[in-house]
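You will see subunit A twice below: alongside subunit B first, and alongside subunit C after that.
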Partner chain A sequence: MFRAILYTQWKWSRFPLLLGVLVGFALPILSVQRVSGVTGYWQTRTMLASVQAWGILYPIVGTGLALLVGALAWSADHRGRHVYALSLPLPRWHYTLLRFGAGLVLLAAPVMAVWIGGLLATATVTIPTGLHAYPTMLATRFALAVFVTYALFFAMSAGTVRIAGYVLGALAFVLVVEVIANAAGAHVSLLEQIFIGLVVWPGPLDVLTGRWMLIDV
Partner chain B sequence: MSDPRRLVVVALAAGLAATPALRAQSVSELRERVQRLEQAFRAANGVATRSDSAARQASYVPGMSATAGALHVLAPQIVVASAREGAERAWSMLEYTFGTEAGVLANVDFAAQLRRPNLAVAAPRGARRFIAENSAADMANRLVWEASQILSARLDKSLYNWMGGAIVADSYPARLLPGTYVDLLSAPSRTTRRCYAGAMDGCRDAFDLPPSAEPFRRWYGPTERRLIVQEVIVGEDIRLVPELYAACVTRGDDSSCVRLLQRTGESSIPAPLGHPTRIGLVQLALELGGPAAFHRLTAAAGRPVDAQLEVAAGMPLDSLLAVWRGRVLAARPKPVTLESSGAWVALSWGAIFGLLALRSTRWR
Partner chain C sequence: MSSAIEIRDLHYRAGKAFEIRDLALNVPTGSMYGFLGPNGSGKTTTIRLLLGLLRPLQGTITVLGGSIPREAPRVLARTGYVPEQPHLYPSLTVAEALHFHAAFYPTWDWKWADELALQFQLDRGRLLSRLSKGEMGKLEMLLALAQRPELLVLDEPTDGLDPVVRRDVLTSVLDYVSQQNATVFISSHLVHELERICDWVGVMDRGRLVAELPMHSFKNGIKRLRVLNAPALAGDTPFVVLSRDAANGSAETWVVRGWQPPMSQWFTGVGATLKEVIDLDLEEGFVELLRTFRVPQA
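Right, the complex of A and B next:
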């Protein structure tokens, strides 16, 4: 059963996944291009800045992949009004677990690509004294970021339109309260607080923030 | 400064700048002129500031006194509590950095001027005026800044020039050390790498100690010199000496690069360890030298810069540099790490979202 679901999900999401694998493999290699060009001691600082600048793309790529794979996992079910799933001799939780697991297995490919790309990139350049390569740490962070965001988007996609409506309604309510409160002269920043709650430890998206450096001190 | 006065100063500066274009000048002559213009601008700015202060005479109020240590502050009555607390905080920082020599501040009156509402106190002639908010923290910061300028002005001129600025008392000077660690590794000079590796002569060269006439020769090799010329010598300078520039950058002739750098203002050539790091080294010398260190430093005026540092720290220069290097290495910034708590939180959130998906009401 799992193999069948894995196969169908692979068919639905193979293009974004292959693109993710390519990008994930290329990112570390591209980010160290300046390391190869370091002449003497001149451009080390520039190189670190370049590695840091490329690092911004890791959480973006991870989140994008997670969004696509999480949404595509349910798109066929939504289109078919869940008739296929209901016809299976499985409880819903079991079916959902299979879909969730299949997505995770598929997402392991871009994570591996980042790891292998990182290992290859750091093995092919001479890293200046005192700096170190962190390909495994970077790939681990990437894996966790993909896991969390995939789980989030998968849960959102699995929900009903009514649930989505509740979430959007709550956000709209917060926005309206903030606008009214600020108009009344009270300094309220609910959206900012919510955002901070999401991205600052122990928020769910904390893993996306911070510096993503393949090479660092 | 008000807009009309600013316009006058800018017009004056522009006029002065336009005149020398009538004859050819060397880069150093041009830079000297720029420096003179900057000095003229600062002087004009000072006059304008005093003029602005005079224009606000109407809002002068009687001052109340706030004293902490040798700091004597006159402040409008409504902020005297903040001034007192600020002075206490400032004094502890000043005493920590400048030691017993901070006592000379007893000869100076500080007069606080409030920004909102715009109030100034009547103060004795020669009082050091400063503008601050009505908060103890801001008062402390402004007082520390003003007092540090006064105390640093007592230093030997060659030491001051080497530092490139005043020593400003800081309750936590170690905050610069992680940045210095990165500088040691990433500065485009082999001197910092040698220093990082533990060679004290590398540290001395990186700090340009004792100061040399052409420190870029100590800092950079031919390749780096050519790249510096490429990065630093731009625009007008290239037009003035095109043949030297071409010989240096295109043909890689090091003697041309050196001649170009000799024509370049010293401040334009990037030092591997910048002025804040040099000031940090002096602050370390003061810390290691104890409460009388700053007094010894001022008393050593006229001696070579490295000797002054030794006198202040009470130890040989290499020992001071070794302590400094040890502190820098100990302050290594955290690399990109994934704390175990962060990993567990991420896994937990993933599991929670997964469970939420399992419990969806889609089929009910």
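Right, the complex of A and C next:
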């Protein structure tokens, strides 16, 4: 059963996944282009700034992949109004788990690409004294970011249009309350609090923030 | 007589406009049960309820001895379902759709699936999105049959198909039933189609089951009578008067249910004359039944 589900999900999301694998492999290699031959404090700082700049792309690539794989896991079922999935002889939770698991397995490919790319990139350059390569840590963090955002997008896209409407309605309500409260002179920043709650530890999206360094002190 | 499907006191509401009320239905094991009703009468909703795709507000549904929706997965493993609208993944090829479906059914019969694919002339490499309506109908039927189900639930399986495809599809169902003694629950608004294959019939209208009886009773029991000097009030009749319309002069046309030849004596008893008894085919009987159900007798 899992193989059948995995195959359908592969078929639906193979293009973004292959692109993700290519980008995931290339990113670490491109990010260490300026590492070899670096000497002195200022050159090292510049090199680290370059690695950090490339690092911004990891959470962006990871989130994009997670969004696509999460959404594509359900799109065919949404189109058929879930009749096929519901008529299959397995409980709903089991089917959902199979779809979720298939997405995780597929997302392991770009994670592996980041890891292998990182290992290859750091093996082919001379790292200045005092700095260290973190290909495994970077790949682990990328995996965590991809899996957390995938879980989020998978859950969101599993919902019906009505549920999406409720979520958007709730956000609109919060926005209206905030605008009215601020117009009345009270300083209320509910949306900001929600955003902080999501991206600051222990928020689930904290993993996306901070510095993504393949080479660091 | 055991039942493949048994529904009791079922109540379901979809929005404010439509509801199924107090539905009781009984499909004998091994029967071919025709589920008739006009569009929007609740046939598809009832089918989705009995497969556990929808949750009822109240009532009990038992299919192949399993309670629905609690035991739906176990029941669905023994049930072949062809829905009203194609429900398969359009980005798969025919071969991929077969492999996907087969993975969920331990009783899947590859040999027979291959035979049916050949018989239906389905191109295995073709994307489902490129199949014609007829080819999609045949593929849906193939998937339902090749899992060797004990129960086939077919929701308007031939709707919109050309006569040749319709014949192919229905023939494959009849072949299967003759081999396996499976139960078939087939919904349609094409009355003549069910007339020749079903042995039980249930008629649905506006969310209610109007009639449920063996096909021969339905076909033989509904008659059109030409009556002379009919009494103004029919009173206690041994049959059910579905409608009565004035014809020429003192003649009237009655449509009755539950008719048997000895009942002609009743007309003599009330001073009327029975001139003619006309057989109605299923479609005419169906239309008369719905007409009388919708316009209650005064």
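Everything below uses one rule, namely that the second predicted complex is superposed on the first by the 211 of 217 C-alpha atoms of A that agree within 3 Å, B and C clash if a C-alpha of one lies under 4 Å from a C-alpha of the other, contacts with A are read in each partner's own complex, and residues count from 1 in each chain.
Throughout what follows, a contact is a pair of C-beta atoms (placed from the backbone, for glycine too) under 8 Å apart; a residue touches a chain by one contact, two chains touch by 3 or more.
Every value quoted in this text rests on a predicted model; they were computed, and no experiment measured them.
Q: Based on the superposition on subunit A, does the combination of subunit B and subunit C result in a clash or a fit?
A: On the shared subunit A, the partners fit.
Q: Return first, second, both or neither, reflecting whether A:86 touches subunit B, subunit C, both chains, or no partner chain.
A: After superposition on chain A, A:86 lies in contact with both partners, subunit B and subunit C.
Q: Should A:148 be classified as contacting the first partner (subunit B), the second (subunit C), both, or neither?
A: Only subunit B; A:148 stays clear of subunit C.
Q: Tell me the angle subtended at the Cα centre of subunit A by the Cα centres of subunit B and subunit C, rounded to the nearest 10 °.
A: Placing subunit A at the corner, the angle measures out to 160 degrees.
Q: Does subunit A have more residues touched by subunit B or by subunit C?
A: Looking at subunit B versus subunit C, the one contacting more residues of subunit A is B.
Q: Who does A:163 touch here: subunit B (first), subunit C (second), both, or neither?
A: Only subunit B; A:163 stays clear of subunit C.
Q: In the superposed arrangement, which partner chain does A:11 touch: subunit B (first), subunit C (second), both, or neither?
A: A:11 sits against subunit C, while subunit B stays out of touch.
Q: For the combined overlay, can you note the least CA distance between subunit B and subunit C, rounded to whole Å?
A: Closest C-alpha pair between subunit B and subunit C: 5 Å.
Q: Show me the subunit A residues, by the header's touch rule, that subunit B contacts in one structure and subunit C contacts in the other.
A: Subunit A residues touching both partners: 86.
Q: Going by the contact rule set out above, which residues of subunit B touch subunit A in the complex?
A: So the residues of subunit B in touch with subunit A come to 181-182, 184-190, 192-193, 196-197, 221, 223-224, 227, 332-333, 335-338, 341-343, 345-347, 349-354, 356-363.
Q: If we count contacts the way the header does, which residues on subunit A are in touch with subunit C in the complex?
A: Touch residues, subunit A against subunit C: 1, 3-4, 7-8, 11-12, 76, 79-81, 83-84, 86-91, 94.
Q: Inside the complex, what are the residues of subunit C that reach subunit A?
A: 48, 51-53, 72-77, 81, 83, 85-92, 96, 99-100, 103-105
Q: Residues of subunit A touching subunit B in their complex?
A: 39-45, 48, 82, 85-86, 92-93, 96-97, 100, 128-132, 134, 137-138, 140-141, 144-145, 147-148, 150-152, 154-155, 158-160, 162-163, 201-202, 204, 206-207, 210-213, 216-217
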